[in-house]
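Quick heads-up: structures coming right below.
There are two complexes below, and they share chain A, which is joined by chain B in the first and by chain C in the second.
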Partner chain A sequence: MATAAETIALPTESAYESGIWSWITTVDHKRIGTLYAVTGFIFFLVGGFEAMLIRAQLAVPNGTVIDASLYNQLFGMHALTMIFLAVMPMGAGFFNYMIPLMIGARDVAFPRLNALSYWIFLFGALLLTSSVLFGGGPDAGWFAYAPLTSEQFSPGRNMDFYVLGILTLGVSSMAAALNFAVTIINMRAPGMMMMRLPVFVWMTLIISFLLILALPPLTVALTQLLFDRHYTTHFLDPNGGGDPLLWQHLFWTFGHPEVYVLILPAMGIVSETLPVFSKKPLFGYRAIVFSGIAIGFLGWAVWAHHMYTTGLGPVQQSIFAGTTMTIGIPTGIKIFNWMATMYGGSIRFTTSMYFAVSFLATFTIGGISGVMHASPPIDTQQQDTYWVVAHLHYVLMGGAVMGIFSGIYYWFPKMTGRFLDEGLGKLHFWLFFIGMNMTFFPMHFLGTAGMPRRIYTYDSGLGWDFWNMFATIGSLVITVALLVFIFNFFRSMRTEPNAPNNPWNAPGLEWATSSPPPEHDFDVIPEVRDRDPLWYDRDNGHAPAEPVPGTHIHLPPPSYYPILMALGTLLLAVGPLTHLAITALGIPVIIYSIWGWALEPTD
Partner chain B sequence: MAAAAQIEHHASSTGTDNRKLLMWIFLGSECLFFGSLLATYLIFKGEPTTATNDHGLLMIPANLLDIPLTSQSTFVLLMSSLTMVLAVYGAQTNRLKMMKLWLLATIVLGLIFIGYQVFEFTTFGNEGLNPSTNQFGASFFLLTGFHGVHVGIGVLYLGSLLLASFRRTGLGPEAGVHVELAGLYWHFVDIVWIVLFTVIYLIPA
Partner chain C sequence: MTTTDPQSDFTETVHGVYVIVTILASIVFVVVLATILVLAIVFRERPGREARQFHGNTRLEIVWTIIPVAIVAIIAVPTFFAIADTTDPPPEDAITIEVTGHQWWFEFNYVDEGLITGNEIHIPAGQPVSFVLESADVIHSFWIPQLVGKMDLVPGHTTGLWFTANDDAARSEAYLGQCAEFCGLSHANMRFRVFVDTPADYATWVANQNADRTTPSTDALIAGEELFLASACVGCHTVNGTSAVGGRVGPDLSHIGSRETLAAGIMENNRENLIAWISNPENEKPGVVLMPAFENLMTPEQIESIADYLLSLK
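Here is the complex of A and B:
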């Protein structure tokens, strides 16, 4: 455990106001980041609970834990919860908290817009989840293929909650992505050139542009579905001259970039943690950055690999197979650079490092199975089998979630001023690692043995009994791992804050300020002289600049307009579910908020 | 005074104002939005349809679109770009009367365009085309309807600026930036219309 030798600035009495109102009106990126991270983790547990119900049902043949209708809702809600309400917000938590610190800024470019993103996210998440109280959750999967979603086949409110919940969440993601793109491009400290940005910041920039460009096609698809269901059109309904494949094209035009939105934060996080715990600068910084950009571009040219079995034709299939396989190249470049970063380094095996190293291994397994079904004939065999479930959980659970845990253990001292216990952390890691592989590796076997996805039960004697029971036991191990983590979290939060500014001896700017940082982030905006600023300053004898006495640091005042505007947005979305009068009510609320927002003094 | 001099102003890394950068990137996103709607329109363009109105008229673009009428509304919208430029010029050179006048002119032209669109939609409805008639109806009303909503939001945006400019403090020291931002949005909506007018009205099926 690193006990810093340099002068330790213990966090002083926080200047923060406390109380619920101060959190509701906050525009501070660190508080909004905390809100995102905590909300995201709570929904991670909700999504995990949904997954546990699924595994309980499938543990034995002809299971009777839940019925077919509830099962249909659960696999849809599990995916939606994990993607939109857990992994994306946990990533957003890190973006919010860390990006301004990492680029040497006092806040994001638009602090109130940042608050607005969070509140719209929270209301959208509650709207989507509340569907289980009002007649049932979305029951056509997160991909919601037409015509399963038409009024004819889904007469209940389920898919309406899906459409309006995702539209609302989309507004939130759009606002956040615009904010982070501008922040990263425009708010960098002096000397922080683009090619000196930490890789995590680069990945966030790529994600922001992916979201900015990928959300509109989804919005259009959802609007068409909404109009088909309620306002007499037939965009997706073949009986009325519509085309169900139109939905698939628009949805996956969003859906595949979205996959990279989920994985790139984890790639950014391990690019921060691997060098720190190997005590070496990141190997091949430029190659990693440009590989990330290449993944961002190629992510737009692969959507139809989700549609090989729809009869695209051989030319289209060949093109999309080619582009999909090409994505393996930049991904491989990254993996090799991360390994080269560790090579010859003096490695510290902290919990964060455990998660980062296991990210490399488990994500690569998922990556390889991904390249396998880039091939149309192989994919045709694997389509809709458990093989695909195994693949996507290796990249999301073994990739994205492993990376996020690496980040949690790494940045926890910065965010809270406290350390998570390393012993419990390693217990958490091993249980999580073993449980994750026990749950998802056998799904490769189940998939090759022909077990289809999205079936609520199966007969015995098909050769699927053993591995299903095995996977369910694995999911119980994951549950125990998460309980260990939660215990570790609360145990740490009860201790006195004792983390020094830079406990890991890391090179990033976020470690130049106190743990946790003061409300204004930096007493003096740091000057950046190298890609690893703190290491460079230490080795070249640059002391941090002293604050000039009497300096006035301007911080934006708190505002209640963001939450008011988010409420107005919620009213817009609730209208089509209940009565359009509610939508009409939302419009003046939004206009009032915008006027108040624009006229509110910020100086 | 020394303390006041130390107040840090947010100098941006690229030299471009944060708000302008945000607007440009947002308009990039809007391109994908209208692109997806336009793709939907083009996919269904030329699909055979058997839908007719009460007089047996086939509900296809050739029988419905009134190119001379929509050319007039297109001209009105294009002229609003000119008035918008003049309003931005007024704001940036601190000629506030000029700014207010041309903002008002832009709003009026925008409202006239919306009026044309309401008239067109009503006429189509009377002739028997509505969103449920066929794929042309559905994709036409969704695409041009969303464009109309964008013009409407633009009118509200410019109207808010005009209202605020009558306050004692006017639009404040950054009036030029505020009006320019609205101008970026307004020109974008105009450009989208040029594309829509060409694709829907001028290119035959």
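Here is the complex of A and C:
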């Protein structure tokens, strides 16, 4: 992908250069999307491996597979890996690859910033994960409640890796969120009005604003923790005039919107796949979009429901109970509209549709259990028990991951030009569906039977033995499901690309170009006349515009400044872990990168 | 540890809301899942079926906005009443117990009775008991599933809750409690026991706990006490009626022999376990570093002698 300005090629011809260097310097949204998706999936497997060790330890009472120290690292690393290194990046993979295609653009607004986001994410992820090689991973959970995280109670490097890893990842998310907000607002094709945007694009826009607003409080909290640990401040130290509850307020002000950052991509994906495979338009587009916006706003008013048992007092409990239950209303509206989308359809049950329909069911279970412990009195019994573990996994596995798999099977032909095998896909689905429910549904019973979270051992005779073993067997079924998917992926990648432009007869713009798309996405930027543009054009006899010979398409040239700047950022973060001289070394690297970046010729 | 067999006014109030919400949730669960299944079967692709093209229906949107609003309202009303019930201040005549969370055990201080104990408490049935919660180190959470919901012990804050155990809740078997907020390495090993007694039994227990330690009755026990008082034990532990007073770093041992369990509810209180504990506490409970491994400081015979003495302190 060298030429800055080139005569357009036919969509079937690839202008891509290959080789490692071309990937390192790429600023192409499709390649960056692929990098995000593949990296995210690899970390999904890492997080899954951590979960398997946890389930192995808990399979029987007084388990001896791993010790307390390792267990406490694993449940924290499992959460951090799944949230920051797997589900968010897999979502970002779809944003990167699909958003420009779906809005009819040739790239994102800031392609080099996009590359910077990916490389900082990768380095942050490696920094956080490398903690297991240098003395141990974060061992106070992903929530890292003060004052357990102080130098006094966590003297090792574990929590420093947490602080610096998450700070680094935050830089990446912030840059990506700004990039996508600007892209979606400014880069739409002619006629792509806001109320014609695909729901997936709308959800990405909402997520972008959530991240832009949620990352600052997290950054403040992490910086306070870093300074408390090493530079003698006392923000969170009750013995120095600080308050450990300050951490909880700041953390959950980030942490709850973060939940919607994880689930909204899945809501966007099924809003694409349900109509396509029901062969009819999305029911209640406006209701779904505005419900998403409402969830985005309400997400800011519910953080203290994570803190019902900290002694908030009756007024605060009542207010946060009210706001939290209110979120059930737009969520319910969305579910009803998705169901109505199936009504009257002629539903083609592809693997993607299996996952989308299953999303409706399993996410609903997570939604219902969420409304249940929105009630503070009930939460005094369910907080910090396996009930909450069941709830959050129905939202994240039954919601976010189901949605992501629906998206993978749906967009795979577009991204690779190849189909995943439907037979293996359905085997993957059924194993995943059964394993997921076997693992997480019994956790409702365990929570009701009083089993607390985050315990590495438990006694027999409390009624917990059977369901723990059952859940562990379920987690093995999930493992088999993922192996089937991986096999399916590699098997498909060995076949010849044969996917047509629009194999599912879908209405979105991403299907108006070749599979996979050419480097410049579209030969001619499409004109949008309806919310379902390809269906409208088909039914009204609009043929795609012919490319004008000799047109020059401007594409940004590759650049190595993004990865260099990401390396500089990594040096900043490594400094407090080792020697501040390394931080000092990072500063000139970053300044040099900014300098080169700014003066780099763009055509 | 079950949450569905409430034995106090607090947990019965909570359970009342839980039952209402669970019934509603089950109805929503069944209706939504059944509808999805029916839609998937009825509208599956078949020869001759054409998908009907329509975009929405305002009347339906209003209907299914009202349905979740109504469900939420039905849940909210009993919730608000239950919040009021579970957060009101304790009555004047409540027995006040100060709870201090430590990594990883609970200290209980009966303020009015003037007695201090650790990890195992007795309370009377039918009488309000108020817990005042504080922490000596990190955040812990106090939870007795059958008697009271969770409340966190936050350093720098004082929290509290109270309940009245049902009149028929008295039994010889303990109600189990456990720390419910992750508090470090041995969070899983921070448990406690609550015995609900009849008022008469409770009075007997208080009188016994308030008395000085049982005076050693045999030469072996007297030797054990001498060894104990000359050891590092007294730096942290108190035994009333001896020179070991004032140490509150570790649990009060004045009546350790009367407890069912050792080391915050993780093992039965017997000679073998106590010897193992004194010999090397960290073997039994990862992360316990304040108490040294006495196997490095004493002979096995000395540890056995101290264990026998402690078990005699009924």
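We adopt the following convention: the second predicted complex is superposed on the first by the 590 of 603 C-alpha atoms of A that agree within 3 Å, B and C clash if a C-alpha of one lies under 4 Å from a C-alpha of the other, contacts with A are read in each partner's own complex, and residues count from 1 in each chain.
Following the convention adopted for this analysis, a contact is a pair of C-beta atoms (placed from the backbone, for glycine too) under 8 Å apart; a residue touches a chain by one contact, two chains touch by 3 or more.
All values reported here derive from a predicted model rather than from experimental measurement.
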Chain B versus chain C as contact partner of A:P558, first or second or both or neither: neither
Partner chain(s) touched by A:G575 [first = chain B, second = chain C, both, neither]: neither
Touching partner for A:V182 - first (chain B), second (chain C), both, neither: first
First (chain B), second (chain C), both or neither touched by A:G586: neither
First (chain B), second (chain C), both or neither touched by A:G104: neither
Partner chain in contact with A:Y285 - chain B first, chain C second, else both or neither: second
Touching partner for A:G550 - first (chain B), second (chain C), both, neither: first
Which superposed partner A:F227 touches (first chain B, second chain C, both, neither): first
First, second, both or neither for A:D243, with chain B first and chain C second: both
Superposed model, chain A: greater residue contact from chain B or chain C: C
Residues of chain A contacting chain B in one complex and chain C in the other: 242-243
Residue numbers on chain B that touch chain A, as the complex places them: 2-4, 6-8, 10, 12-14, 16, 18, 21-22, 25-26, 28-30, 32-33, 35-37, 40, 43-44, 47, 49, 130-132, 134-135, 138-139, 142, 156, 160, 164
Residue ranges of chain C in contact with chain A within the complex: 1-4, 11, 13-14, 17-18, 21-22, 25, 28-29, 32-33, 35-36, 39-40, 43-46, 49-57, 60-61, 64-65, 67-69, 71-72, 75-76, 79-80, 82-88, 103, 137-139, 141, 143, 145, 148-152, 154-157, 159-160, 176, 178-189, 286-287
Touch list for chain A against partner chain C, complex: 67-69, 72, 139-141, 145-148, 153, 238-239, 242-245, 278-287, 309-311, 313-314, 317-318, 321-322, 325-326, 328-329, 331-333, 335-337, 339-340, 342-349, 357, 360-361, 364-365, 368-369, 371-372, 374-385, 447-458, 462-463
Contact set on chain A toward chain B in their complex: 109-110, 174, 178-179, 181-182, 185-188, 192, 212-217, 219-221, 223-224, 227, 231-235, 240-243, 246, 250, 253, 525, 548, 550-554, 591, 594-595, 598-599
